[in-house]
Every structure is written in structure tokens, then in C-alpha cells.
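Each structure below appears as C-alpha cells.
Across the two complexes that follow, chain A remains constant while its partner is chain B and subsequently chain C.
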Partner chain A sequence: MASYSLLPFNFRQLKDDSVLISNLSNIYHILPNQNDLKKLINNISDLDPESIKILERKLFISTTDDFEAKVQLTTSSFTKNIHKDLSSPRLIMIVPTLRCDHHCTYCQVSRVNQDVDGFDLPLSSIPSLIDFIRKIESPPYKIEFQGGEPLLAFEFIKEFYKQMQEAVFVDEFSFVIATSLSLINEDILMWCVGKNINFSTSIDAGKKAHNRHRKLITKDSFERTQKNIQRVDNKLGKGKIGTVTTVTHDGLSGFDELVDTHLALGLSEMFVRPVSSYGFAIPKQAKDITIDEFMAFYKKLIYRIMEENKKGIHIIEHFLFIHFKRLINAKDGMYVDLMAPAGYAKNSMLIDYTGNVFGSDEARMVYRKHGFEDLIIGNINEKNQVLDTTFSENMLVNSFNFDVPGCADCVYQGSCGSDPIYHLQEFGEPIGNKSNSRFCQLHKSVFDFVFELLKDDSNKSVMEGWL
Partner chain B sequence: MEGAEKLILHYSKSSISELALRKALYWITDSSAWSLNDLGDLWEVLFEVDDADKKIKYKFERLLNDYVLREILDRHTNDLKQAIVRKSLKDLSI
Partner chain C sequence: MNSPLRQDLFYNDSLKDIFGPVQILKRKDSDLGSMLPKIYINSIVDCGVDVVQFNDEMINQWTTHGDIGYADGKGKIRVALSQSANANTLLVTERCDNLCLFCSQPPRNVNDEILFAYAAQSIIAFNSKKVIGISGGEPLLTPNYIINFFTILNQFENKTPLHILSNGRAFSRKKFANDFHELNKERFVMVGVPLYGTTSKVHDRLVNSHGAWSETIAGLINAGNAGIEIELRIIPTQYNFSEISSIIELAASCFNHIASISIMNLEQTGWAKRNWSELYVEPESYQDELVKSCQMSKRFGIDISLFNYPLCHIPHEIHHHAKKSISDWKNVYTDTCDSCILKSNCGGFFSSVKDKWTHPEERIL
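Let's look at the complex of A and B:
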């Protein structure tokens, strides 16, 4: 019988006592029980021949003869996966105003009232802004307007588009406007016709939760959002709107209502995540729900979505989908939170209403709350627009999760990220203690859930159909 | 901790390393206060647990068991792992 050697791998026991293993190629395999794990580690030849064959093919073990080749294959896949995270395109976010007509309980940026002066990027900064974007990124430029409520600065967006069109080819850039849609009107919609502009809007889990947390003076944010989604659809056609759902304690029973709302509006894509603790959301909502409570909600939501898809209704939940894509090494499985080295600064950059440049949206939230000056990478209005990346480089160096305590022996190491900005906020340093990190608990729970779903081939078909 | 009970566990140094104990204890931080004491041939692990939390011993020993297995695995593969990581980073010129 051939003699086998182990190649490096990590493992994690799942709830049904099976054991998930993964290697540096980010290939996963499930062993039926702890006993097989012990056999694999202590004496490979005690495993059944079929298991040995599979483990060999998946680069967990090797015979002496092809040890060299398997090590080379592993090295090459490991390099390729890091390269993918290093080289994916950068999202440029612009905050044209911090003013907002909503007053959300979980607002992370401490928005200001819509009639306040001094919280807008002036039109005069647009040439510097475009110069800066062209300096740090190559086309196609993906630009997202964040707020506040960006539609309160619609003149800025219009002028920016005009000047961008003069600076680069029109098919070299696209916009996403992150908006509540409450201020959308005929003029804005007319202007958007024929342009590469999409909207990202919020629909929380159920009308009650939405109106309680997304506060408008008229107390009808949910109704307005629904009405305005239909207006956008009617004017610009379907597929122009993506939704983001922030799950709070009040929304924990709203999983069916959330799906029903999307289906009624003809929306086929959603992104659902728990309320976050970034920036100013901390005292208000951060510990509003535990990750266990979120996961109980989320599983019911996803099982409902699976059922809809099995009935032939195409609806995707992107938070789950991105975790699935990270597990299977999909080409477009890029998500800033789940990158190692981290996506901070290298895959996202944000310019706020003062012209300050940050490495991510979350970094500006942490800066607004804690005033941590090192998070400002530069300012677009400064001569030569020199970026100080010393701090960012240090953050990135500490974000290779094969080297991070708590991540180094995690089975999800090759699919997950280590999010230095989250841990900087929660623990005062970029690594943190993963044993009480909500980030760690959340993503591990979602990855576990993906494997729970994959046990059923019909769920697997649905997720593969989303690719 | 008010109403807390002390749970004391002993492990022979010849069978359990300090590193395995510390790595397992790392994941207990959120559930319980703990201390690790050197008693010569033995390690003493002391938990302060709430009356309701009887599962801490099970959770800790399961973690510890995993870290003991990881130590065996590391003895076989750690040098290779480091070599693969070094080679990859070199290829990427990081």
C-alpha cells in the first residue's frame, strides 16, 4: 500500500458532529465524524480507500511520488487566491453631503439635518475629485454616492457626471446612488434615463421595523420607498435597484414580510445583514441583536428564499451568495469585508464632504466617532494630492489571516477576511480578540450555514443557479 | 462575579502543552473568567462560572481536544505550511 503524507489543513467540527476541513488551496471537504479526523491525522491508511482517493485529489494528502507536484499545486492556488484579493478593482465612494432627510436610529455617520450649512462637497471640488480618481484607479470606474442623503446634493451628482463624461469615455464609469429614494422626483428620473446609474436603497424587515428605525418626519418611510421603487421601475426599467436590509430586534419576525415586499415590488435581489456597530450606531443599536438572534432570523429568511427559487421564482440574497462564492473560489467573489489581505484602501476608497480620503466607508464612520486622525489618508483639495499610506500599509500587513491569532487555525481562513477597521474600533487595534468579535461570530455562522444548506442538493442547485 | 462558582480542572504537563491550553482558553474568554496556574507537574485551569452555565467544561475540553490534535497535525505540516506561504509571498513580491 502507498505511503501517504499530510499536507497542511485546518478543521472545524460542525453541529452534526461532522468535521469540515480546508487547506491552503481553499478546498473544503467534510469528514463524517471526529474519528475520521483522528485517522487522517494519526494514520491515514486506516481511512477507507474511497476517502483516501478523494482526500488525495483535493490536496489534503499525498503519496511520496507526487508530493512535490501537490505542494507546487497548493502553492500556486494559494498564490492565485491572494493575488485575486490583491488585484480586484477598487470601489470609489463619494459623500457629496452629510445632510439627510431621515433620522435613522442605527445611523453610523451622525448625519445632519437637511437645512444645515457646511456639510457639502462644493461643486468647485469636482475637478480635483476627478483628478484624484483617475490617479488612484484605472477604468472602468465604479463610483458610489453615499450620504447623508446624496439626492440632497443632486446638483453635485449632475455636475460630477458632466465633468466625468468630459474627462473619460462615458462607458468607462458607472454610478450607484445609495439613497432612501424619498426625495426622488421626475427631474431626477428624467436625468437618469439612458445613463449607467443604479440605486441602492434600504428596505428593513417589515413595515413596522422600517418605520421605527428609518425615521422620517412624515412617519411613512416604508410606504415612500415602495412607491418610489415603482416610480424608478416605471421610468428606468427593472433591475436598476438593489436593496440593503438592516436587521434590528424589531425586524426579527419580519422574514416573510421582507420576502413578500421584494416579490410584490418585482425585486429579485436583496442584501441582508445585522445592524452594525460602526461609528455612531454603537450606543444606539449595536448590541440590539445578538448574532444568534440574527442567524435564527436569517435561516428562516433563506429557507423561504430557497423555496421561492425552487418554485421557479428567481430571487437572490447576496450576503449568503457572497459567502458561497468565497467558499468555492468564484472569480467574482470579491467582498471588501471578506478579503485577506483586507479590502481596506486597496479595494475601496471614500472621499467625504470635506475632501478627506478614507480607506473605506467604515473608516470614515470610525473617524467621525473617535477622531482617529491616522484614518485620513489624504485630502483631494491638497496640492499634489499626496496620500499618506503608512497607517494603511500597517493595517494591511496585519490582515493576512493565515498569520492572525484566532484566524490562523480557522477552517474558513481562505474564504474569510480579518477586517482591521472593525477590530480597530472594537478593540483599539486591528487584530482584536476573535473570541468576542461579532465579525468573527457572524461570518463563521454564515459559512457554517452555507454548509448546512449544501447538504441538500436542491439548495446547492439554487445557489449554483445564482452564479 | 456575583453568584459565580469555581470550576477547577487539572491536566498533566506530560500530556497537555501550555500552548494548547492557552489556545483553547482564548475561545473561552467571552464565556467565563479564567486563570491558568502552574502546579509543578500539573496545569490548573480555574473558571468562574455562572450557576446556569454548566456547559463550560464540555466546551473547553472539546476545544482543548481540537488543539491537541492540531499540535500533532502541526508537527507533520507546519514547516511545509510556512514554506508554501513564504514561496507564495515571494512570488507575489510582497
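Let's look at the complex of A and C:
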């Protein structure tokens, strides 16, 4: 019998005594028990022949003859995965105004009231904004308007579109407007017809939680959002709206209501994540919900979604889906929060209402809260728009999770990412202590949950059907 | 069995003493700057004294003006490149460093460098915008030949897209992979590389050459990194049918520029005939593996196609992966196929199957 050698791998004990292993090719395998793990490490030939065959095919072990080629295959896939994360496109975010009609409890940027002066990006800055975008990114340009409430700066968006259209081909850019939709009106809708413009809006878990946290003076944010989603659908057709759900303590029992709301509105996609602890959301909310609490909610939500899909109703939850895609080396598994090196600056760039440039939305939140000047990469209004990337590069260097304590030996290393800005905020430096990291706990929990789901073939079919 | 859909071999006394590639013409054509000898197969128009001109209804029927034929000097001519063919392929060498147990074109160790010259002349004269296949033997066996071949095509500013069938071993030399890519910046080139296993044990046995797998693996890594587009080919046999999906997972995870993956049912020709009982495995017995393999298409964003699988032998859910693929000169349908409603979408059978039935016919779909 051929003798086998081990290739490097990481492992993690799953709840049911089985052991998950992974390698640098980001290929996963489940060993039935700890005993098999010991055999794998101590004496491979003690494993049953079928396991040996599979482990050999998945680049965990190799015969002496093939060892060199297997190492080459491993390094090749490792670099391929890094290259995917390095070469994916960059999202450009623009904050045309910090003014907002809502004042959400978990607002991360400390928005300002609607009628305040001095929190808008002036129309006169559009030419330099477009110059800047064309300088840092190549088409197609993906542009997202953030706020505040971007629809309060609709004139800016309109004018920006017009000048963008003059600068580049019309099919070379697309817009997403992140909005509560509360201010949408006939003029705005008319203007959007026939344009490559989508909306990202918030629906929280249940009417109660939504209205309590997404505050309007009229206390009817939830009802307005629903009504306005239908308005957009009627005018612009289905598929123009993506939803984001922020889970707070008040929403923990709203999993069924959340799904029902989406189904009633004919929305087949959702994106659900816990309230984040950036910027101004920290004191009010972060400790409001633990990751364990979130996961308890999230599992119920996902089981409901699985059930719907098995009944033939197509509904995708993207937070889960992106974790699944990262685990199977799927082609479009690029997600700015799950990249190593991080997506910060490399795959996202934000220009705020002062013209300041940040490497991510989170960076401007942390800046606004702590005034940490290093986070400003440049300003579009400055002559030559020179960027100072020293700080950003340092962030990125420290976001390569392959050699970072707490990540290097994690079974999910090849699928997970890192978030230097979060760790900077929490720990004062970009790596942080992963055993106390909310980022780490959240993503690990979701990856664990994916494997829990995959034990059932019918769940696997649902997720594969989303591909 | 019926005869193939297109005939490609002809005989005419007037072709005696003509040897090598010729261009078949049906009318005077001053636009052709081709350096090949020309034969006119229509004697109505007088084309001059220095040309070969004769009437041949058969050749006329099966060719198009400007087609390329290879003449054997004894009156036989085989149409090598035809505008009316569904696929055109040129053989550039009969030598090979693999000796695949199922080789459809068993290699011969002969001096046949001249075939590269024929191929270059023919491609330049034919000047097609449609893909031409380059096969062997192993076309990349002598790196200099293929490098010269591209250089000549480039000198004539020929841009014909090429599909080259290679075992990929030559690319294990990184410089060759990079040079190869560099010479084809202006031309679409796809290289079809077979990978039969995730280990040397399986692959080397099937290609009957020790060390082949490691070189092919290194070659696929280098070629992909250089930017060469790869069509990965897998032929299920008794030795590897259970690891088809593992080969795909390995390839999609480790190699760059895998443009498509082809799973090809064994063709009963060449050496496959004598090794048939050792190699062939009925599609019905690895259906699940085929389904699993095809499902990886969406995951990796790579087209996965099934070739030479009559639809009646694979599950309905993967019918859309099956290609109507067999070159028309060797494609046949059985008499029972005539009553099948899927015939127009089905690849049918190889003419080489003849009366040796591989396995019983299934119900008519």
C-alpha cells in the first residue's frame, strides 16, 4: 500500500463530535469523529480506504510520488483565492448629505436634521468628484449613495448622473441609492425610469422593532417603507429594491414577521445582519444584542426560509448565501466584509459630504465618532487629489488573515476575511484579539451554521439552487 | 446504421502526382493571394494552361469554393478544411509522449515536421474566421515547431482562431507557456487539455506514461497563469468514473483560465477498440457522478458540457449539458433514432460504432 504524507490543514471540532478540516486550497471535509483526526495526524493508513481516497482527492494527503505536484496545486489555489479577493471591483460610495428625516437609534454616523446647513456636498464639487472616481477606478463604475438620506439631496444625484453620462458611456455606471424610501415621490420615480438605478432600503425584523428604532416623527416608518416599495415596484418594475435588515434586541422575535413582510411585498431577496457596533451605534446598541442572541434569531429565520424554498417559494437570504459561497470557492463569492486582504480601500471607497475620502463606510463612521484623522485618505477638492495611503496600506497589510494570530490556525481562514477598521476601533490596532472579537464570533457562528445546514441534503439543494 | 452526414474523401485520376495541400476552386478568384497549388473542379470556365482543371461532381457537391484538400499523389484527396463542415481540424504531428489506452489517433514515431508547414499554409490560404482545430499526436511535443508555426501565421497577419488539443505537458516549462501566450495576443486560442485523474496513479495509467500527470498539472498551472484559455477534458473510464466531480473541483479551485470543461464519452476507435472491455463504463452506471459534475457549473461559473452522450443514456436533468458534437464526417444515427422526437437535439453516435453495439438501446424518447 502506498504511503501517504499530510499536507497542511486546520481543524475545528463541530458540535456533534465530528471534526471539520480545511486546507490552503479552501477545500473542506468533515471527519466523523476525533479518532479519525488522530489517525489522520498519526497514521494515515489506519483510516478506511474510502476516506483515504477522498482526502487524497481533496488535497489533504498525498502519496510520495505526487507530493510535489500536490504542493504546487495547493499553492496555486491559495494564490488564486487571494487574487480573486484582490481583483474584484471597488464600490464607490458617495454621501451627498448627512441630513436625514429619520433619527434611528442605531445610526452610525450621527445624521443631522433635515433643515441644517453645511452638511451637503455642493453641486459645484461634482466635476472633481467624477475626476476622482475615474482616477481611482475603471468602468463599470458601481456607485452607491449613502447618507443621511440621499433623497434629500436628489438634485445632487440628478446633476451627478447628468455629468457622469457626459463623462463616460451610460452603460458604464450604475447607481444604488441607500434610502428609507420615505421621501420618494412621483418626480423621483419618473426620473428613474429607464435608468440603471436600484434602491437599497431597510426593513427591520417586525413592525414594532422597525418603528421603535427607525424613528420618524410620524412613527410610521415601517408602513411608509412598505407602501413605497410597492410604489417603486409599480413604477419601475420588480427587482429594483434590495432590503437590509438590522437586527436589534426588539427584533429578536420578529423572524417570521420579517419573512412574511418580504413575501407579502413580493421581495425574493433579503440581507440580515446584527446591529453593528460602529461609530455612534456603539454605546446605544452594540451591547444590546449578543452574537448568541442574534444566531438564535438567525437560525429560526433561516429554517423558515429553507422551508419556504422547499415549498417552491424562491427567497434568498444573502448573508447566509455569501458565507456558503465563500466556503465552496464559488465564482462570485466576493463580499467586502469577508475578504483577506480586507475590502477596505481596495474594494470600497467613500466620499463624504465634505469631500473627504475614506476607505470604507465604517472608516467614516469611526472618524466621525473619534475624529481619527489618519482615516482620511484625501479630499476630492484638493489640488491634484493626492491620496495619502500610508495608513490604509498599513491597515491592509494587517488584514491578510493567513498569518494573523487567531486566524492562521482557524478552519475558516480561507473563506473568512478581516476588518481592520472594526478591530482598530475595538482594540486600537487593526488585528485585535480574535477571541474577544465580535467580527470573529459572528462569522465563525455563521460558517458553523452553514455546515449544520449542509448535513441535510435538502438544505444543500436549496443553497445550491441559489447559485 | 446510416452513412456519415458529410463525405470528405475523394478520388480523381487528374489528381495523380499532386501531393500535399491544395486549394479547391470553382471559379476564377483574383482575391485569393494564397500560395497553395490550386485545382479547379469546373471545366466550363477556362482557367488557364498552368492549372489543374477537371470536372468532378462528387467533389463539387461536397466542397465550397476555397476549401483546402490534402492530396496523396496517387489521386486521392481528403478535404481538410471546408467551409461547409461543422468542424475543421488539422493534424500537425503523429508523434506523442503519451500513449493513451483509448487514443483515437494512435501515434507513430515518424518524421512529420512537414505537417506543420502544410497546416500553416492551409490556414493562411483558407483564411477563416471560424475556429480551426489543431490535433495530433501531441502538437506541442516539439516547442520550436509550434512557436515557428505561430510566428509564420503572424507574419501573414492571419487571425484564424485555433483550438489546440494538447496533453499540456509542454507547458510545464514556464517560459514556453509565456512565449506561447505572447505569440497569440492577437489571436483567440483555446487549448484542450485532458486531465483524467486527481492522482498520478489513475492518470498515468490511462495515458500509459509515467510522470505525465505531474507535468500536466504543472502545465495547467503555468498555462492558466500565463493567461492561456483552457478547455479541460475528462474521459470517464472504469478507472476514473467515480472521481469526475473531484477532478472538476480540483481544476476549478487550482487553475486559472479554465474556460470550459468537457466530459467525453469514450469513442470506440483507435486503441480504445482493443481496450474497450477494460475501459468502457456505461453512462447509466455513473449517472449520479455526472449529475454532480454538471451541477458544479454554476458554482464555479464554468461551462460544463457532455460530449458523445446520446440523450437516451443520461438523466433528463442534465440533457441541457449534452452537446450535439460529433464531427459530421463521423456522425451517425441508428434506424431507431428516426422515430425519436429528440433526434434534432441529440448528438447521435460515432460512425466507428458501426454494428458493434456498445450497449442496448434505450427506450425511444
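Assume the second predicted complex is superposed on the first by the 467 of 467 C-alpha atoms of A that agree within 3 Å, B and C clash if a C-alpha of one lies under 4 Å from a C-alpha of the other, contacts with A are read in each partner's own complex, and residues count from 1 in each chain.
As a working rule, a residue touches a chain if its C-beta (ideal position, glycine included) is under 8 Å from a C-beta of that chain, and two chains touch if they have at least 3 such contacts.
Quick caveat: nothing in here was measured; it's all calculated off a predicted structure.
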item: Joint occupancy of chain A by chain B and chain C, clash or fit; value: fit
item: First, second, both or neither for A:Asn433, with chain B first and chain C second; value: first
item: Contacts of A:Gly406 with chain B and chain C, given as first, second, both or neither; value: first
item: Which of chain B and chain C A:Leu86 touches, first, second, both or neither; value: first
item: Following superposition on chain A: angle at chain A, chain B versus chain C, Cα, nearest 10°; value: 100
item: Partner chain(s) touched by A:Ser110 [first = chain B, second = chain C, both, neither]; value: neither
item: Which superposed partner A:Val71 touches (first chain B, second chain C, both, neither); value: first
item: First, second, both or neither for A:Thr390, with chain B first and chain C second; value: neither
item: Which of chain B and chain C A:Leu37 touches, first, second, both or neither; value: first
item: Which superposed partner A:Ser3 touches (first chain B, second chain C, both, neither); value: neither
item: Which of chain B and chain C A:Phe11 touches, first, second, both or neither; value: first
item: Nearest-approach distance, in Å, of chain C Cα atoms to those of chain B in the combined model; value: 9
item: Intersection of the chain A residues that touch chain B with those that touch chain C; value: 74, 83
item: Residues of chain B touching chain A in the complex; value: 23, 26-30, 62, 66, 69-70, 72-73, 76-78, 80-81, 84-85, 87-89, 91-92
item: In the complex with chain A, residue positions of chain C that touch it; value: 198-201, 213-214, 217-218, 221, 224-225, 243, 246, 249-250, 252-256, 295, 298-302
item: In the complex, chain A residues that touch chain B; value: 5-9, 11, 13, 24, 37-38, 41-42, 71, 74-75, 78-79, 82-83, 86, 402, 405-406, 409, 433-436
item: Chain C contact footprint on chain A (complex, rising order); value: 2, 25-27, 56-59, 63, 65-66, 68-69, 72-74, 76-77, 80, 83, 328-332, 464, 467
